[in-house]
Structures are given as C-alpha cells and as structure tokens.
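In the part that follows, the structures are each spelled out as structure tokens.
Both of the next two complexes hold chain A, though its partner changes from chain B to chain C.
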Partner chain A sequence: MAFLEINNVSKKFGATEAVSDFNLHVEKGELVSFLGPSGCGKTTTLRMVAGFESPTSGRIVMNGEDITEMPPNQRDVGMVFQSYALFPNMTVADNIGFGLKVMKKSPDEIKQRVKEMLDLINMPEYTHRYPYQLSGGQQQRVALARALALRPDVLLLDEPLSALDAKIRVSLRAEIRSIQQKLGITAIYVTHDQEEALSLSDRVVVMNKGQMEQVGTPFEIYNFPTTTFVANFVGTLNAAEAEVLDPAKGLISVDGVQFISADDDLKTKRKGDKVRMSIRPERFSFASEGKKANVVDCAIENITFLGSVVRIQVRIGETNFNMDTFNNPFLELPKIGDRTQVTCSQNAVLILEE
Partner chain B sequence: MSNIFGKSLTSWAFRRSQEAKPKNGIRGRLNIWAWFILLIGIVYFFLPLIATFEFSLRMVKDRYTFEAYRVAFTDPKFFLNFGYSVLWALLTIFFSTLLVVPTAYWVHWKLPKARPFVEFVTLMPFVVPAVVLTFGLIRLYGRPPIVLLGSPILLIAGYIVLSLPYMFRAVDTGLRAIDVRTLTEAALSLGAGWGTILTQVIFPNLRVAILSGVFLTFAIVMGEFTFASLLAWPAFGPYMEEIGSMRAYTPQALSVVSFLLTWASIGLLQWIGRGRGQEQVAGAH
Partner chain C sequence: MNWSWVGVAPFFAFAIVFLFLPSLSIFYRSFQANDGTFTFDNIIALFTTRDIINAYKTSLQISLITAAGGAMFGFLLAYAVVLGGLPRGIRTFMTTFSGVASNFAGVPLAFAFIATMGNAGLVTRWIESIFNISTREMGFSIYNMWGLSIVYMYFQFPLMVLIIAPALDGLRREWREACENLGGTSYHYWRYVAIPILLPSLLGTMILLFGNSFGAYATAYAFSGSFINLVTVLIGAQIQGDVLYNPGLGNALALGMIVIMALSMTGYIWMQKRVARWIQ
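And now, the complex of A and B:
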C-alpha cells in the first residue's frame, strides 16, 4: 500500500467539475508534482489532501488511515503557500515554533527545533526578525521551515516560487529539493512551470481541465508524452496530422513527406488511418552525409536566437516545425529562405493520443 | 456634547480613510487652495471651541478664572455619572468586540458574499433614530416573556448597536489588509484550533483596527444621551443635559473637558498605532 493514496477523487463546485476521477499513489519519500495550466484543478486537489476542501466523491488515505473527512488541523500535513502566509505579528522564531506551541511542546524543545530548522534553511541569524524585514525568498524559506517543524507526514507546496524572481526561483527550488531528500519527506508540489516540475520531481502528474493527462518520471513525460496536450504543455510542440502508410514498418506521411516512426502505438493502427505525430525540436538536426532515416527537404522560415539555443523554424511540406540547435558561434547557420535537409531518428517520431 | 464627541471623531476617521488613498502629485496652485480650505476648516472647527473655552473662564465677574472647572469637578454627581459612562463604554467595547471581530472574520473567511449584507445591517443606527430604537427595545423587553427593562443589558445592547457601524468598518478594513484566508489555513495546517487562530493570529494582527473602533465606540458612548435618558440609567450625557438647564458656566467647562478627553483618546490611538505601521500593514487602522 502506498503512503498517500488519492483514490477516484472528484470535486465539483456547483456545476463546474474542478477535479474529476483523480487517482494517484505516492510512495514514502517521493516528490510528486502537479503540472498544468491555470484552472486545471491542481490547487483544488492539493487542498483536498490538506483538508481545506472535501471531495465530492472518492477517498484519500494517508499512512494507512482514511483521512477524507478529517479536519485539516488534525492531519499530519505541512503546507507552503504561494503568498508565504507568515504570521505578520510574529518573529521568524515564533512563526517556526507556532505549530510546536500549539502541540504544547516544552519551551526548550521548541527552541531546539526552531534552531534546527533555521540551520536547515541556512538562516540561523534571522531568529528575531519580523516577516516584513525579510525578502520574498527568505520569507518562503521560513514558511518552509515552519511547515517542516512539526515533521509532518506529507509536505504540500502550492506554487511556492511563483512570486519570486527567476534567479531565486532556480536556487530555491534546488534547496527545496535537497531539503526534501535530506528529510526523506513525502511531498506534493504544485506548479504551472514545466521546467520546475521536470527539474525537482520524482514523478510528474500532468493535469488538464480537472483530468490527469499523464503520470510519469520527468524523463518519461518529456520524452514520451502520450497525449497531444502533454506534448504541447511540456516543452515545445511540433505536431502535425499524419496518414499511416504502413503500420508494420512505421511509415507515415505528413503532407506527402514520409517519416518512419519507431512508436509502438502505430502497430495498432491501420493503413489510411489519420494520426497525430510529434517531434521534439531538439531531436531535429541538419542532415549530414551518410544519414538515411527520416531525411527530409525543408525551407528555413525563421531563426530565433535564445542564448544557449538557436531555434530555427523549418517548413516541411505544408507544416512548420521548430528545430533547436545549440548555439555555436563558429558554426554557420543557414539563412532565412534557404532550402536544406533536416533529419531525426526513428524513435524521435512520436504518435500521440488525442 | 454628544455632537462634539461624535463630529470630531467621525471627521477624524474620514480624514484617515482619505489618507489611505494614493495622493496625486499635483502641486503649486492647488496647494494654495488646499491651504485656504484647510484654514476655513480650522476656523469653522476651532472658533466655537475657543468661544466656549473663553466663556467658561468668565464665571467670576471681570476676571478669567478656572472657577467653573472647580465647580464642575467638585460636584460628586460629575464623577458618579462620568464613572457610569466609562463603565457602560467599557462593557459596550468588550461585548461589541466579542461580537464584531469573530463575525467579521467569519464573513471574510467563509461568506465573502454576505459582506454587503452584514455591512448594511451594521448601518442600522444611521437609519433608525435612537429614540425609535429605544422605544422599540422598551416595548419588546418591557413585558413578558423577556423582561430586561430593569437591567443594564438593554442599555449595553443599544450601545452595541450604536457602535456597530464604527466597529464593523474598522475591523473590516483591518481584515482586508491581511490575507485572512491564507493565514487561517496556514494556522490550521499547523494544527491550530479556532480559539488559537482568533487569539494568536487574527486579534494581534487587527490590534490597530480594533483599537480605532474601540476609541470611536468609547467616544460615542461617553456622549450618548437618548438611550441613557430614556432607559433611566445614570450617564454623562443626561448629566450634561441636566447641568445645562440649570447652570450657565459649568456646562461650558464640561464641554471643553470632554473635548480634551476625546483628543486624548485620539492621541492615544495615534500613539499606539505609530511605529507598528509596517508590521500591521498600512490601512489596518
């Protein structure tokens, strides 16, 4: 039995179904993130685990105990909010010690634990500061320490880094991940930032309109998206309608341009079926001598310099595809309007479910 | 008397609420007008006060003395009535705070849609005159099944109604300045119960807001006449009225004293609210 089980959970707000039939088993010590666009039900699902919303149907089981109807203040759950939510009238130490004080721990024990927590977030000298005297990043670290001080079974984080600027976001997410791994705490992390989800999760749940689209490791989600939505939301999508020419050989045609796909899903299709195919931009490269599979003619439509990466838009048949190459100042790029050839391997050509 | 208390405080509260809005940077000519209008305001406001003060000093012929003040303060009924009014004010403040803070908090946290309705209800004393309200209370509670006429409960209840618009508005503004919902949820997820949340999280963060409501309530109750008079309880308002009909100089002296008291209250409020502005989020008064 998994440590945290969310079984067939649905939540309706009046007529809108915010979450429908959500199923997830989280193992102890695992960090799972919920990734999806605004309004897809990430927060609602998290709040049901925290106990702030109660599911319309379904059960939530934590550590073998059904907690579906348990009030939030009796659950062993720590929560970190996007807006930090530190108590403005309390110092850093009092904020971190709040839960312990509620639990009626002795002052010595509280002091000891607060110190431990401050060391954990690398802020030992901030004990007596008030929240308004801290930067956003520091406030969120204190909020994390406050949530962890009670050693909860599960840590819930709802877009904890969204209010911070890009640099802090990257360093703090690494810090969160390292603290989570150090403590071996089970965590759910809500975000709409795919890079964040991919970089710190053990597994990612991609959500759309209250539904789970795909669950998998960051590697699986990125490299083998199973639905158009996932392919689209995670990374940049190159997708096109294709016609199946020969399912056994994996031969498909996009506007008359032929590709060979190694995707097993093709085996279940028949000749003449319409499918959606997709290729990640970084899987394309300029065709050099000797390459045979999936060498296609194209025209350069656009070139965008993105720093470490150069994104080139190529037209294959009637469809525009993005192609990413690493920036190399000593390599000459084609010009807009040039005609050339690009290639990709057979396993880069994915077949998506609708 | 009740006018002096009421007006000065409401105009103060109004001024404070105006300050909360961002100022625009138009200077120059507008500045002169601003000063001019301020001057008119000051003259309008202070002239009657100064006149009252001047008059109160003339009890002894051809000389300025504080005789009127001496007379006023040596009347034992002054302290008795003043003491009663302070008692009524404190009781009102206590129960009004107990009623308004949890209510306003609950409305913010669970029933935000009901806010306009609650706000409307709290406006009752502006819509229903005090006389009508008192007679309503007397009719309803003057005979069985519930007889409260002999106890001060009726008086305090009436005063609580009078204090509602000020208390609710003050607390409401304070609640808006903090993120009630998230703070509550944060406390809940840390295992806190409602008592802890109200006393450790909500009350301390509303301190300045509650105080501003408290001082307004204090001032209103101290100067109130209708309720105390019709319900026949000793209080400062009816005492002033009585003195006013019997003497010439002492009531003027009392007016000045009560005015100074109001100012002292406001000063105290400003002083307590000062310096914690950052922590308490501006606008929380």
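And now, the complex of A and C:
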C-alpha cells in the first residue's frame, strides 16, 4: 500500500469539472510534481489533499487512514502557499512556532524546534524579524520551516517559487529538494514550470483539463511523452502529421520525406494511417558521412542564438522543424538559405496519441 | 528649485484657516471675560460647575457607548456582508445604504426617531394598539442618554461598516488556511491572526466613532433640546443663548473638548504603536 493514495478523485464546481477521476499513489519519501497549465486542476487536487476542498467523489488515503472527510486542521499535512501566507503580525519565530503553540507545546519545546527549523533553512539570525523585513525568498523559506515545524507526514507545496525572481527560484528549488531528501518527507509539488518539475521531482504528473495526461519520472516524461499535450507542454517539440508507410519497419512519411521510427506504437497502425510524429530539437544533428538512417535533406530557414544553445530552424519537405545544437564558438554554422542534411536516430522519432 | 510643495499648499492653507486658526481663537478666547479682559474663570468653571462636569460626563458616556456599540455591531454586520458568504448584491446594497445612513444625522434623524419611537411615535402607538401596552407607563422613554445613544447608533453603525469593510477584505484567505493547516481552529485564527491584524483599523475606527459622537450637536439638540445635558448643547447655549450668553465659557468648553480629543488621539497613537509593530 502506498503512503498517500488518491483514488478516483473528482471535483466539480457547479457544472465545471475541475478534476476528473484522478488516481495517484505516492510512496513514502517521494517528491511528486503536478505539472500543467493554469486551470488544469493541479492546485485543486493539492487543496483536496490538504482538506481545503472536498472531493465530489473518490477517496484520499494517507498512511492507511481515509482522510477524505477529515477537517484540514486534523490532517498531518504541512502546506507551503504560493503567496507565502506568513502571518504579518508575527515574527519569524512566532510564525514557525505557531502550530506548536496551537498544539500547546511547552515554550522550551517551541523555542528548541524553532531554532532547529531556522538552522535548517539557514536563517538563525532572523528570529525576531517580521515578514515585511524579509525578501520574497526568505519569506518562502520561513513558510517552509513553518510547514515542517510540526513534522507533518506529507508536505504540500503550491507553486512556492512562482512569485520569486529567476535566480532565487533556481537556488531555492535546490534547497527545497535538499531539505525534502534530508528529512525523507513525502511531498507533492505543484508547478506550471516544466524545468522546476523536471529538476526536483522523483515523478511528474502532467495534467490537462482536470485529467492526468502522463505520470512518470522526469526522464520518461521528457524523452517519451505519450500524448501531444505532454510533448508540447514539456520542452520544445517538433510535431507533424505523418502517413504510415510500413508499420513493421517503422517507416513513415512527412510531406514525402521518409523517417524510420523505433516507437512500438507504430506497430499497431496500418499502412496508410495518419499519425502524429514528434522529434525533440536536440535529437537532430547535422548528418555526417556514413550515417544512413533518417538522413534527410533540408533548407536552413532561421538561426537563433540562445546562449548555450543555438536553435536552427530547418525546412524538411514543407514542414519546419527546430534543431538545437550546443553553442561552440569554433563550430561553423550554416547560413540561412543553405541546403544541407540533418539526421536523427530511429528512437528519436516518437508517435504521439492525440 | 523644487516646486512640488505647491501641490499640497491648498491643503495646508485650508488646514491653517479652518482648523489651526479657529483652534487658536478658541484657546485665546477661553481666557476672555465677557468684557474682553483676561480671566481664568472660564477654565476654573470647567472643573467646578456641576452642570459642566455632568455635561462632559454624559458626552463621554454617550461617545464611549456608541463608539463601542457601533464598532462591535458594525463589525459584525461588516463581517456578515464581507466574509459571510452572502450574495454579492447584498453587499452592494449594504454599502450604498451605509453611505447614506452614515450621513443621515441632524434634524431629519432626530425627527425620524421622534416620529417612530417618541411618545406619540408610530411604533409606540402600534405597540399600544396591538398589545395594549403603554410603553410610557412602563417607564420607557427615548428622551434620555440611552435613547440618544440609540439615535447616534443609527449613523455610527453604518460608518463602522464603511470603514471596516475594506480592512476585512484585506484578510487573506491563505492566512485562515495556513492557520487551519497548522492545526488551528476558528478561535485560533481570530485570536492570534485576524483580530491582531485588524486591531489598528479597529482602534482607528473607534476613535473616529468616538469623535463623531462627541462632536455631534444638531442631532442631540433637535432630538431633545437642552433636555439631555451635553457639552455641545452647552456650548450652543453659551454662544447663542439669550440667558446663558457667555462666549468665553463656550470657548473654554470647546477647548476642553479639544483637549479630550487630543488625549484620545495620543492614547490611540500609543496603542497603535503597540499593536502595529509589524506594520512597515
């Protein structure tokens, strides 16, 4: 039995179904991210686990106990809010110790635990500061410490970094992951930032329109997206309509240009079927002498310098594809309008479900 | 040269002409006898004349009662409207009504209460005819301090609603959720989070309600004439009266009111500093 089970959970707001038949089992100590665009139901699902929303149907079981109808203040769940939600009238120490005070712990115990938490977030000297005296990043670290002070079974993080600037986001997400692993706490992390989800999760749940699109490790989600939505939402995607020429050999055609795909899904198709194929930009490379499979003619349409990466737009047949190559100052890039050949491996050509 | 001060100049000019200079004039004239000579008699009278002491006492009582009552019931009304989950239309109606009612004072308000709850008022007659009960014989009368307090409540209530509603709007949902998430109940939320956050606004509003009531004249005078002994009514009698005409004493009474308001404001600022250390 998993530590946290979300079984067939649905949530309706009037006629709108925000979450539809959501199923997820989270193991103890695992960090799972809910990734998706605004309005996809990820926060609603998180709020149902926290107890702030009641599922219309389905059950939520934590550590073997059904908590579906349990009030939020009786669940052993800590939550970090997007807007920090620190109590502005309390100092850092009072914020962190609030839950312990509610639980009527002794002042000495509260003081000791607050100190531990402040050490954990590397802010021991901020005890007596008020929230307005802290930066956004510091406030969120205090919010994390407050949520962890009660030693909850599950930690919920609702887009905790979205209000912070890019540099702080990167450093704080590493800190969150490090603390989560150090404490071995089970965590659910809601985000719409794919980089964030991929970088700190054990597993990622990609959501769309209230439904789970795909669940998998960051590696699986990025490299083997199973639906067009996941492929589009996670990373940059080249997608095109293709016609199946020979399912057994994995042969497909895009505007008359042939590709070979190693995707097993193709074997279920028949000759003449229309499918949607995709190739990640970084899976393309310029064809060198001797490479035979998936070597295709193309024209250079555009070149964009992105720092560590150079994005080259190539036209294959009538379709434009993006190709990413690492920036190398000594690499001679083609010019716009040049004709050349690009290639990709057979397992880079994926067949997507609609 | 920086000319930005020109923008605030009209405000300062207005404050000097209509606030500072009249206050100065009140102070100066408090020490003048009717013949224009310097005297301490007016100030001494504030502490020695029984009628004056009683007037201050009654004014303070009514102001404290209506400030506390208005704050409490107005807060509950605002809470119901803002956080009570009532339909949006009710909030719009309440806000509009509060805007009108908070300015409904003076002669029309006094007449409204006399016409409904006075000796020959509509409600009084209705109770008599339906229940065969004479409220007057039972000792009920609105022409006393409590009656005037009820009349004042009519504009104190809505004023509280108007002022405290935005503060209640400022309570973020996440604070309540964070409190619940940390094991807290509604009691913990209001005791440790919401009330402390609202306290500066509540104190500010209460001092405003106190001042609003303390300085009211037209309502009290139209309602009971000089039957209820208030400082403002007494000042009116000293300045306009044929018998009691003594402008110097009237100014001294006004000076006393200014001193009381100044002390209230000082107390407010002191408390504000204590309860709002967390405000930037």
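Points worth noting:
Just so it is clear, the second predicted complex is superposed on the first by the 354 of 354 C-alpha atoms of A that agree within 3 Å, B and C clash if a C-alpha of one lies under 4 Å from a C-alpha of the other, contacts with A are read in each partner's own complex, and residues count from 1 in each chain.
In this section, a residue touches a chain if its C-beta (ideal position, glycine included) is under 8 Å from a C-beta of that chain, and two chains touch if they have at least 3 such contacts.
Values in this document were obtained by computation on a predicted structure and should not be read as measured data.
On the superposed chain A, the two partners chain B and chain C do not both fit; they clash.
When both complexes are overlaid on chain A, the residue A:F52 reaches chain B and chain C alike.
Chain A uses residues 50-52, 71-74, 77-79, 81, 83, 85-89, 98-99, 102-103, 130, 132, 146-147, 150 to touch chain B in one structure and chain C in the other. Against chain B, in their complex, chain A makes its touches with residues 50-52, 71-75, 77-79, 81, 83, 85-89, 98-99, 102-103, 130, 132, 143, 146-147, 150, 156.
The part of chain C that touches chain A in the complex is made up of residues 172, 174-175, 177-185, 188, 192-193, 196-197, 277-280. The residues of chain B lying in touch with chain A in their complex are 178-179, 182-183, 185-193, 196, 200-201, 204-205, 207, 278-281.
The touching residues of chain A, counted against chain C in their complex, run 50-52, 71-74, 77-79, 81, 83, 85-90, 98-99, 101-103, 130-132, 146-147, 150.
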